[in-house]
Amino acid sequence: MELRIGVIGCGAIGQDHALRIHRKLSGARIVALNDINLAATHAFNDTSRLDAKVYENYQDLINASDVDALLLASWGPAHADQLLACIAAGKPVFCEKPMTTSAESGLRVVEAEVQAGKKLVQVGFMRRFDAGYRALKKTLNAGTIGDALMVHCAHRNPSVPEMYVGDMCITDTFVHEIDVLRWLLDDDYVSAQVVEGRKSRNAHAGLHDPVMVLLETSKGIRIDTEIFVSCRFGYDIQCQVVGEIGAAFLPEPASVALRLEGRASTAIQTDWKQRFIDAYDVELQEWIDATQRGQVNGPTAWDGYFASATAEACVEARHSKAIVPIRLAERPAFYSK
Amino acid sequence: MELRIGVIGCGAIGQDHALRIHRKLSGARIVALNDINLAATHAFNDTSRLDAKVYENYQDLINASDVDALLLASWGPAHADQLLACIAAGKPVFCEKPMTTSAESGLRVVEAEVQAGKKLVQVGFMRRFDAGYRALKKTLNAGTIGDALMVHCAHRNPSVPEMYVGDMCITDTFVHEIDVLRWLLDDDYVSAQVVEGRKSRNAHAGLHDPVMVLLETSKGIRIDTEIFVSCRFGYDIQCQVVGEIGAAFLPEPASVALRLEGRASTAIQTDWKQRFIDAYDVELQEWIDATQRGQVNGPTAWDGYFASATAEACVEARHSKAIVPIRLAERPAFYSK
Amino acid sequence: MELRIGVIGCGAIGQDHALRIHRKLSGARIVALNDINLAATHAFNDTSRLDAKVYENYQDLINASDVDALLLASWGPAHADQLLACIAAGKPVFCEKPMTTSAESGLRVVEAEVQAGKKLVQVGFMRRFDAGYRALKKTLNAGTIGDALMVHCAHRNPSVPEMYVGDMCITDTFVHEIDVLRWLLDDDYVSAQVVEGRKSRNAHAGLHDPVMVLLETSKGIRIDTEIFVSCRFGYDIQCQVVGEIGAAFLPEPASVALRLEGRASTAIQTDWKQRFIDAYDVELQEWIDATQRGQVNGPTAWDGYFASATAEACVEARHSKAIVPIRLAERPAFYSK
Amino acid sequence: MELRIGVIGCGAIGQDHALRIHRKLSGARIVALNDINLAATHAFNDTSRLDAKVYENYQDLINASDVDALLLASWGPAHADQLLACIAAGKPVFCEKPMTTSAESGLRVVEAEVQAGKKLVQVGFMRRFDAGYRALKKTLNAGTIGDALMVHCAHRNPSVPEMYVGDMCITDTFVHEIDVLRWLLDDDYVSAQVVEGRKSRNAHAGLHDPVMVLLETSKGIRIDTEIFVSCRFGYDIQCQVVGEIGAAFLPEPASVALRLEGRASTAIQTDWKQRFIDAYDVELQEWIDATQRGQVNGPTAWDGYFASATAEACVEARHSKAIVPIRLAERPAFYSK
């Protein structure tokens, strides 16, 4: 039985996901599309030969009887209402990150889901599905390096467009570390601090770059992350976990090593789209498989809310230059494992 | 339109491939099974829920009107006749390596295919579909290191079973390098030499291990390959191409780097089944896709014949300790690109 | 003309230095020894065949007419008075780190030297003489990675003795980074913060381990250093400088790479005495050579004072958990280059 | 008591060695110089302030009563007679490689030394003193990888001058591997084969480059060495020993790792003079120290003869394209350990 999926939001990422399901993954089919740009959605439906039905409004799509599950790739501010509609309809939904644009609206999604009595929402934090992060987690869980004590990370982009400004280093960039490190360490955050380094001349006017974010977890683990989005040299994601008896590193992507012009070298990826492209495949395939079993086994609404709340604390810490406690609503037993 | 596939030979690898197509790949379906062990085949069909038809003999399966294409995973000595039957039936066939157990029978397959006027056979040399070898070929084709001059390889296994003896270092092991290096360099071999190194105490009685094979190509490229199947430390596949201005290396599989007990380390795989597992997926998916387009874009019958002829020369060279010329039938224009 | 050296303090490091000069370096000779343990000093003089004169008190040694220069390896609290005596005698002196045990006494040495009108003191921060740090500085100075923006360091020891407690992570351990990073970046520090990570179960009772120290420089460069002295896995000194267009790393010491038991690995040193042993040789040879030319070309009294003042700020930051400004006396023009 | 050394041959390497002893090493002094270019030798003596006596002929220098030991850096064809004169005078002599330009003349040196009843000759194969090769030998001797079975080497230069032609790839280049591998493996060679690879367009007219040399040892160890002296990318010395349970690699020289322009890289040296510069220091210091104890602890006259005989077999193998046995005079018991 193929899972019949409706896609809400057919911009770049929505189309990517739709084609991924259509051409590459098994067990699901795209049957419905919706986007505020109706003409473009029809065009996409035609050129990609999806043969889906195009809906003028997302409510009808959500409620369509031949739609089993939803894939939300609309813009962030629309997520909260759309998620609440999916929950109201009792339909599983995969929601691209961020789940919501505020912790407050994230909490409403959590509460609706608890009310509904069933986990329906999965949030699109794809790093949890990356082979490298999974291998790192496996190493930690095996006790190979003992208990984690410190984590040193870097999130580097060669450059960002002019529209990338202010707090986006937190809300667009660091939010990935927020989710994946919490999962990796199986721990929650209790405080955040942001330190602005010397500004690079390559950072555009509206941006202080690089910055360093410091997180403390409930177990006392200290996490430092360099965020440097005009680093020029590559899309470079680093994660080193220091444990009681050793250190473990996120794998570097495999590449052809060269000996050339006086240097022995390997490649650093430069295109972020390539870095986690396999993770997107795994993420959606596992979502399809779990959904067919009536389960959610990826990041939940609670994880989405936690990420938003942590990001808000980081933003506050960036502005106040103080150490900001991370305060959350009480975790419903519903989200216990 | 799904490709309807019949599987001949349902041992370990046949079952792997059938399940791969059934559960993971798109565009094809297993509709027919055949194996000399009929009971086991029925059992496999049931437990895997393939819902395929089990045939008592392979000719009926090949000729079944609802079978579009064949997957041959029977034992080597049966391949030649089965391939000729597929060609006679005009049906595309994916044949596990080796294509045939002798160059002579390989040539008969080639001749039948030429006679049929259509490429139907693809041989299961999966390394051509490995991301690492593909990246290496891309580097060579880009001219990054200039023209290739020498190639240094190693094919190492932690250990082999007692049944692995004599010439199997060539026919079972080195045959992978024979195919993939020819493809990598876009060149043919002209001579072979085999040098037996000091025998390891870990090599069992019937085996001289390690050995070194030297190949020369028509362009004069020199290839040396260490074959060491009781190396203990890992399943370690090395390939270094030395060009006019640089050297390029087959990527090492990505792994979690550790700092532990006075060593900084990364993993070497130990299970050969893991090393090329992704390549098997790509190989069969591309075969399905190409077959649906009426094409063969993997190793052809000619490649299968070439591999057998080269392996025979290597075996002769191992016994004679001489440099043995590699002589082949003339390449039919049919196999030109 | 050989430089005639008197050694004050003949414990482990004093003996090491004396033997280094006696047996390995050129241009100098040990002519005088002093230590509070007179018997041991006589014994050392005999067994090492130094044929030096043993003095009962250091003042006489400093003033001896056949002593051209001093090497101070006594315990830290004695340094200040001994340095002032050397300066009063107008004699060059190499002083093991720390120069003094407080910033206040360090400032007195600085003032005495300024008064004397001549640089006489060199402080034993040996990392400036390490080939790796020098290569890193050369890379930075060449502009290869652009201006430095952030620096990520680690200072890890497998373990420390029970007597290593409290603030020694700063005063004994981090003091090396304090000096070498200031030299590496050609910059001064303006503030310090210390973050205590989750305590390792391997840290002994009197020690919070690991900790993270954050320094800010006058140019805004942010430095984070993990100090982890019960890390078990090695004596591991890391320094990564992130610049505007690239990152540069302190070289790992060369070692035999192994492929063994499923791992590809290189060695991490475990004995701190080995890590910088070549740097000690270079340090003292260059001191001998510069002293013969009437110069000081290593860390000066000002550098020694700066290190003490920074360490005091770090200690205060560790206790207060606040960001502590680093305030210094005005730098005398005397120490400008 | 300083060792008083006379230098015969004051070209580039002779001057280097003389200055090394004069300025950097301890326990020896240059007291005498000789070269066919008398004017240049006087000029060198003056500018370097050696204050040595310049001799018009080498016999007088060898016999001078204030010369304790000789350093031979004249051109190769002169070595045999000069060595015989040193032996006749009963004086220790350090002779730059090659000891002699033929195996036959090398054997005469061996016989003279045996006759004299005392080892006097050390040959300047400096790799035995390189920290990397020593670490590799230590690893082998410790049994870490089990018994050695195969050795894969590369000797690469960015380019060579036009005067480098024909067999110099053996006599000038590979001769270093010949000596150091025999020492590393503690084994002798029994046969040689040379395989000419595809010629690089960067190899000048008189040179076939690269070539591969295959050696077999008395224990059956197989050694393959790529010699590629127009490789462009660096002075790259590789040595991988494959043992029964693992593989060990000659350390790469330490260098600053960079992340820059999409590549993570380390340096490959490009200047051969830098690669073993520390080994020259160790080699001569140990020769001075051993000579003062009346010993030879580096490569002996027998080693020099063995290298010449092996090189001659390789040259023959290059021309004949056959596998050439390496036949030697019987090893005098005199050279047993």
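By written order: A, B, C and D. Residues from 1 in each chain.
By definition in this document, a contact is a pair of C-beta atoms (placed from the backbone, for glycine too) under 8 Å apart; a residue touches a chain by one contact, two chains touch by 3 or more.
This is a predicted model, so every value here is computed, not measured.
In summary, the chains found to touch both chain A and chain B are C, D. When each chain is reduced to the average of its Cα atoms, C sits farthest from chain B.
When the interfaces C-D and A-C are ranked by C-beta pairs in contact, the top one is A-C. Our note on geometry: chain B versus chain C, Cα centroid distance of 59 Å, whole angstroms. Between chain A and chain C the centroid-to-centroid distance comes to 45 Å (mean Cα coordinates, whole Å).
Measuring from the averaged C-alpha position of chain C to that of chain D gives a distance of 39 Å. Within chain C, contacts with two or more other chains are made by residues 232-233, 245-247, 252, 258-261.
Touching chain D in their complex are the following residues of chain B: 146-150, 152, 195-202, 210, 212, 214, 216-217, 219-222, 224, 226, 228, 231-233, 242, 244-247.
Interface residues of chain A, counted against chain B in their complex, comprise 23-26, 131-132, 135-136, 138-139, 144-145, 245-261. Of all the residues in chain C, the ones that touch chain B in their complex are 232-234, 236, 252, 258-270.
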